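Each chain carries a letter (A, B, C, D and E) given by its place in the written order, and its residues are counted from 1.
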Amino acid sequence: MRALKPSWQAVLAVLLCLIALALGAMSTTEMAASAQPSSPTAYPYLGIKGLMYGLAVVAALLSMLALAPALEALVLCVGSTAVALMLVSGITGFEGTALAPYFLLLIAAWLLGWRCVAVLSSIKPSQRWISTLLRLVIPALFGAWILFLWEAITRGAGIPFILLPPPSAVGVRIANTLPVLWADINQTIFRSVLIGYALGCASGFLAAILADRFVFLRRGLIPIGNMVSALPIIGVAPIMVMWFGFDWHSKAAVVVIMTFFPMLVNTVAGLAASGHMERDLMRTYASNYWQTLAKLRLPAAAPFIFNALKINSTLALIGAIVAEFFGTPVVGMGFRISTEVGRMNVDMVWAEIAVAALAGSVFYGVVALIERAATFWHPSVRGG
Amino acid sequence: MDSLRSKIIPVTTILLVIVAIWYVGAMAMNAPFQRDMDSRNNATPSTMEFIGKTLSQAKPTLPAPHQVAQNFFENTFERKITSNRSLVYHAWVTLSSTLLGFAFGTALGIVIAIGIVHVTTLDRSLMPWIIASQTIPILAIAPMVIVVLAAIGITGLIPKALISTYLSFFPVAVGMVKGLRSPELMHLDLMHTYNASRSQIFWKLRVPASVPFLFASMKVAVAASLVGAIVGELPTGAVAGIGAKLLAGAYYSQTIEIWSALVAGSVVAALLVALVGLAGRLVDRAMGGRPA
Amino acid sequence: MTAVKPAVVAASKLGLTFQTNDGPVQALSNVDLSIGKGEFVSFIGPSGCGKTTFLRVIADLEKPTSGSITVNGMTPEQAREKRAYGYVFQAAALFPWRTIERNVALPLEIIGLPKAEQTERIRRTMELVNLAGFEKKYPWQLSGGMQQRASIARALAFDADLLLMDEPFGALDEIVRDHLNEQLLQLWAATNKTICFVTHSIPEAVYLSTRIVVMSPRPGRVTDVIESTLPRERPLDIRETPEFLAIAARVRDGLRAGHSYED
Amino acid sequence: EDKVTLQLKWVTQAQFAGYYVAKDKGFYKEEGLDVEIKPGGPDIAPEQVIAGGGADVIVDWMAGALAARDKGVALVNIAQPFKKAGMELACPKNGPIKTEADFKGRTLGVWFFGNEYPFYAWMNKLGLKTEGGPDGVTVLKQSFDVQPLIQKQADCISVMTYNEYWQLIDAGYKPEDLTVFNYSAMGNDLLEDGLYTLQEKLKDPAFEDKMVRFVRASMKGWKYATENNDEAAEIVMENGGQDENHQKRMMSEVAKLIDNADGKLIPEAYERTAKALLDQKIITKQPEGAYTTAITDKAIK
Amino acid sequence: MTAVKPAVVAASKLGLTFQTNDGPVQALSNVDLSIGKGEFVSFIGPSGCGKTTFLRVIADLEKPTSGSITVNGMTPEQAREKRAYGYVFQAAALFPWRTIERNVALPLEIIGLPKAEQTERIRRTMELVNLAGFEKKYPWQLSGGMQQRASIARALAFDADLLLMDEPFGALDEIVRDHLNEQLLQLWAATNKTICFVTHSIPEAVYLSTRIVVMSPRPGRVTDVIESTLPRERPLDIRETPEFLAIAARVRDGLRAGHSYED
């Protein structure tokens, strides 16, 4: 019994392979070719069909033997990736001809990839560097699979380029337009986003403190803060352009408005989160408002504040980009996106989106790292 | 009720301060254009006349509060609420997709948070991609989403609501991950001693402990939903809703209309946030929350 | 005598070291101990010597870093999964969003007891700890001792064969404490439960236990194991007998030896 | 009745009056068509809508359609109701720009989203760089409105003869206060609103026939609209247009761009458009078969 | 004798009723008490009788609903603002984001003591409670008793003239407790502080106090006030003297009278 370790992903993958085999032709061209065996037309997977099925099934079966987790992950990773690569490269030139077996095999390979990620995340390594490595490898694998699926589906189903380009095209575009991308990042991220984020978070925070300090302001400010919260960017952005000009200042202003509210709400909630006994303790010291704030209530509010900082890190990015749809100089990520959509350069649009996603993830990641360091004492960090 | 009265005075005071600043701002911002106009018409108004004119332009840079108020009042109370020109009608259109999107978004956010807290695979692999998803500028993909959905026959409320969902699930997911992980270690230990199942730990410990985080996140999410619903109205032809109103206003530089639509949006937002806040307080009370 | 009974807890060469920001802390070192069915074992030792840690290891809340331990012949994990024990924590650990009654109901809900039986058990244990009338209050509306009693009620309602109690009566006055001591002894006698009991009170330890384990601090070691010669039937005034005082004196000596300051 | 879905390039306004008139006056119905008109907006790319299957036929500018064709969406022009371009650059007389020679070092407002090609073609012709600096022009992406001029953020802005120009007038500028550079007048015009459909679908005779009927009815609508401006504007209002006066004015301006409503494409204008795009490397290869006169030939005998 | 000293705490007809979800709870009723400068007063009484509540009223953490109270001749609020007292809570209430050392430093930072003096006081009090070596640990890395001692150190470092201590030694073993009892007495004798001390241990109360206040439960009333006849100088073995035992017996009787169950 110990020799076998079945997993539903692997079993299902084998099953899907069998169904796909039974269904036969993987593309319409193959179907046509087999209907007329006399005329030798080229079709996808001429020679490697057997190899692909074989790899998938073997990897699935091997993975169910009681291997060491690392080995199992390796087998799955190699098997699923190889199948996916062959699938994608085979269909190139025959876009839009794929039939059901193509997609079944794709799903089978994806299941193996999933299993691989699952195995990897169940490993509890003893050394630090391995766990750090795993922390990076697992999301990367997961992401690679999103890209594989995207590539295979857009090509297999022949989705029009201007609706959704395959990631390979986006990758080529990124590589070819690095200077433009860099100029856009410079304009949007290093000016609008960072400055707006800093100002927005700071003002939301200050508003929360003021509201906390003065009951009068709390009663008056919070409802008005709520109203500011949902000033829709598309309404605000043109006004900001009117007020602050078309350069980055108006975008930063939009970001300020967008990030203000989450910070306000979370800080207010956080300031209410400190324990009663701790507050009583500070009272016994006749600690004044600011001392209690600095030494008790802000540390206790930190998890909430970081919550806002994290949400805002992505909001700021969306805000700045969208604000650039309304009057900008001819540089910036939002400008590029909106014009390139109009020019049907959808690969460029996705290149910008990819860059935005990368920048946003880095931004978020930095905030999350600071959070871990600053709220090490919170149960959610100590492990709950 | 007492708390209501104790709120009215501060809110009105602060509103009055804002209105005062607003008037000054309106005069200052509308003055350059007025000066241009006057010089083109060779008019030399007195200061009072000039100020009066800055506050009564047809398409001012910053409309004066009374202009917005008048427009808002006309479009809210003096039109049949079924009329295309009634703000109530537009607000309702937006509100319906906001609410649907908020419901979807909250549900999705919670589901994702549950997944992340309970399934190591998801914890390790999903979060970075959820973050990445949130950096995709919604206005850029909204049209594509709507085109694709229309191609498979989904139109009407759902596409707009989906865009709301997209914006609102994230705050909930982030907050709930934090909240579901916030129970004290001793309480978790206690549940372990009972060999409580994951679902029991979840319902009896993690969920109640996450409530403050949930409501703080839901306030942000409901506001985000509204923004999403408004954004979603544009690529659907912007026929109705606050977004359509904003767009039409923007297209014809009808700043007064824009501002009154913005006010309408803000009022809706404030009401929604207040409602979530109220629900939060009721839940807190039901959970034996200790008055601060 | 205890050796022939099946061991409920059997630890051998047990060690546990915590890794902290400024170096490792050895909380338990080389602990050998076997506790038989139906025993009442008290743990006593200076603050910080590892008593709580040892209970937590039995309860599978902490993994030992060396040595081995079985609970009911299984690993602690398996035992926990079989709901082999009830645990009273050193702090009350009540859920602030549940009333006292619902806090006591918590373990019963988890094991899925029928509603009627839940109500009955809650009533009984709440009375036992003298909290009747406070069922509908929230934890923060109770005094420290009342919270502690609520947490005892919760563990008793759970009704497991092995009871792990970490200073359950620390926050109670002498009268209530005597009362609960008696109740606990009665319960123990009637149900043949095995009880591991951490206390700081030497008289309490001697009065309750069949065996007293004296521990010494950092690294926590077992320095003395004292078999009680008192009969199972113990009226409160047994505490004035010379036999009782002799055992107490021996415990006190063992305890004093573990302390750094002599007085 | 055959169903046809038409995707407009912009929101409901008199720019599209012909189609609304044809629908309202029952011209489509007479041809046995059931037409759904989908308004557009600032971020709707009709090319994407048709590629995604959301429409049968779209109103688009030639430049955008050719760009999409270059990207693999084989759009074909089947009719060209707008013979002249309505776009122009407007500058206040009291500003620094009086002639083309004054552009150097100035800031100009331009619409993007596929509407920027005529401007770049023009600058190309003038030999002006568009990256800013003293020897080139600084380009500002202009949003919906004429605010950049009013706020003095730009020295000139783009306007449509039938729309934003009148917003400037409404804002207090008198015609004599403005210098306008009209693309058509300068001979720099690229073809504006035309009807496009997918090449693949046109191969189907039934679809082709449907398009013939559609174009015939649409042109009848345009003819009616150019002859009855006020009524057409009212029909637009009923379909969701904003600001009645504005629509009436727009209708009368649009009528000037229509010429006689036969929808026939002028090949020279097509060549000019294609060349401008090639010069700017917007498209990579000379387009082939990007228009057909077959439909209009059959529709308007 | 005590009456002539200026009253540090003077309560008259003090009452406090909590409003709860299921009706009012009367925690204190008609408490008359005057505590003079330099006194050491212990409060003893069954769990839930209002001891903590009384201390909290003195500390201005709870407002009485009837009667009056002065602290150092002022209202409790004014006294608190003058930093008249140090308070040891029943639970440790340490901040999880501060190390033990920084927790002890907290009140010193607040009163703005110079750094050098802070370090000195921290060192001294940490040694006093026998926590030297644990300065850099976080609260969750300490045992229950150690946390309790850290919170005592924090209050002692604050060094106010009035000390309010709510079961400070509840979680400590007998040896540490004896040690700290002695230390506390020395400190009290040397500094002429006034101390209000809640405890459940009758011997502890008798050993430490100049006066013992016995309270009865719901509504919390003062049922007996026992003046100690012991000398100020008290070696640990005074606890075996007949005088000591007599006082203890009287306290025990007073305590028992307040309980509902007779045994």
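Just so we're on the same page, a residue touches a chain if its C-beta (ideal position, glycine included) is under 8 Å from a C-beta of that chain, and two chains touch if they have at least 3 such contacts.
Because the structure is a prediction, the values reported are computed rather than measured.
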**Prompt:** Which chains, if any, touch chain C and chain D both?
**Reply:** B
**Fill in**
Top of the farthest list for chain C, CA-centroid basis, is D
**Request:** Could you see whether A-B or A-D has the larger number of C-beta contact pairs?
**Result:** A-B
**Request:** Would you kindly say which chain has the C-alpha centre located farthest from the C-alpha centre of chain E?
**Result:** D
**Request:** Take the average of all CA coordinates in chain A, do the same for chain C, and state the distance between these two points in whole angstrom.
**Result:** 49
**Message:** Please tell me the distance, in whole Å, between the geometric centres of chain A and chain E computed from their C-alpha atoms.
**Reply:** 56
**Complete:** Rounded to the nearest Å, the gap separating the Cα centres of chain B and chain C is 54
**Prompt:** Distance from the CA centroid of chain C to that of chain E, rounded to the nearest Å?
**Reply:** 27
**Request:** Spell out, as numbers or ranges, the residues of chain C touching 2 or more other chains.
**Result:** 91, 138, 140
**Request:** Among the residues of chain D, pick out those that touch two or more other chains and give their numbers.
**Result:** 42-43, 45, 48, 52, 143-145, 147, 151
**Prompt:** Touching two or more other chains, which residues of chain B qualify?
**Reply:** 61, 139-140, 143-144, 147-148, 184-185, 234, 247, 250, 288, 290
**Asked** What are all the chain pairs that meet the touch criterion?
**Response** A-B, A-D, A-E, B-C, B-D, C-E
**Asked** Inside the complex, what are the residues of chain E that reach chain C?
**Response** 18, 20-22, 25, 44-49, 51-53, 90-91, 130, 136-138, 141-146, 148-149, 166-167, 170-179, 182, 200-202, 236, 252, 255-256, 259-261, 263
**Asked** Once bound in the complex, which stretches of chain B touch chain A?
**Response** 6-7, 9-11, 13-15, 18, 29, 61-62, 120-121, 123-129, 131-141, 143-144, 147-148, 170-171, 174-175, 177-178, 181-185, 188, 212-213, 215-217, 219-220, 223-224, 226-227, 230-231, 234, 242-243, 246-247, 250, 258, 261-262, 265-270, 272-274, 290, 292
**Message:** Help me check something: in the complex, which residues belonging to chain A touch chain E?
**Reply:** 275, 277-278, 280-287, 291, 295-296, 299, 302, 375-378, 382
**Fill in**
So, in the complex, the side of chain D touching chain A is made of residues 42-43, 45, 47-48, 51-52, 64, 67-68, 70-73, 112-116, 130, 138-145, 147-148, 151, 153, 282
**Complete:** So, in the complex, the side of chain A touching chain B is made of residues 114, 117-118, 120-122, 134-135, 138-139, 141-143, 146, 163-164, 216-221, 223-224, 226-236, 238-239, 242-243, 261-262, 265-266, 269, 272-273, 276, 303-304, 307-308, 310-311, 314-315, 317-318, 321-322, 325, 333-334, 337-338, 341, 349, 353, 356-361, 364-365, 378-380, 382-384
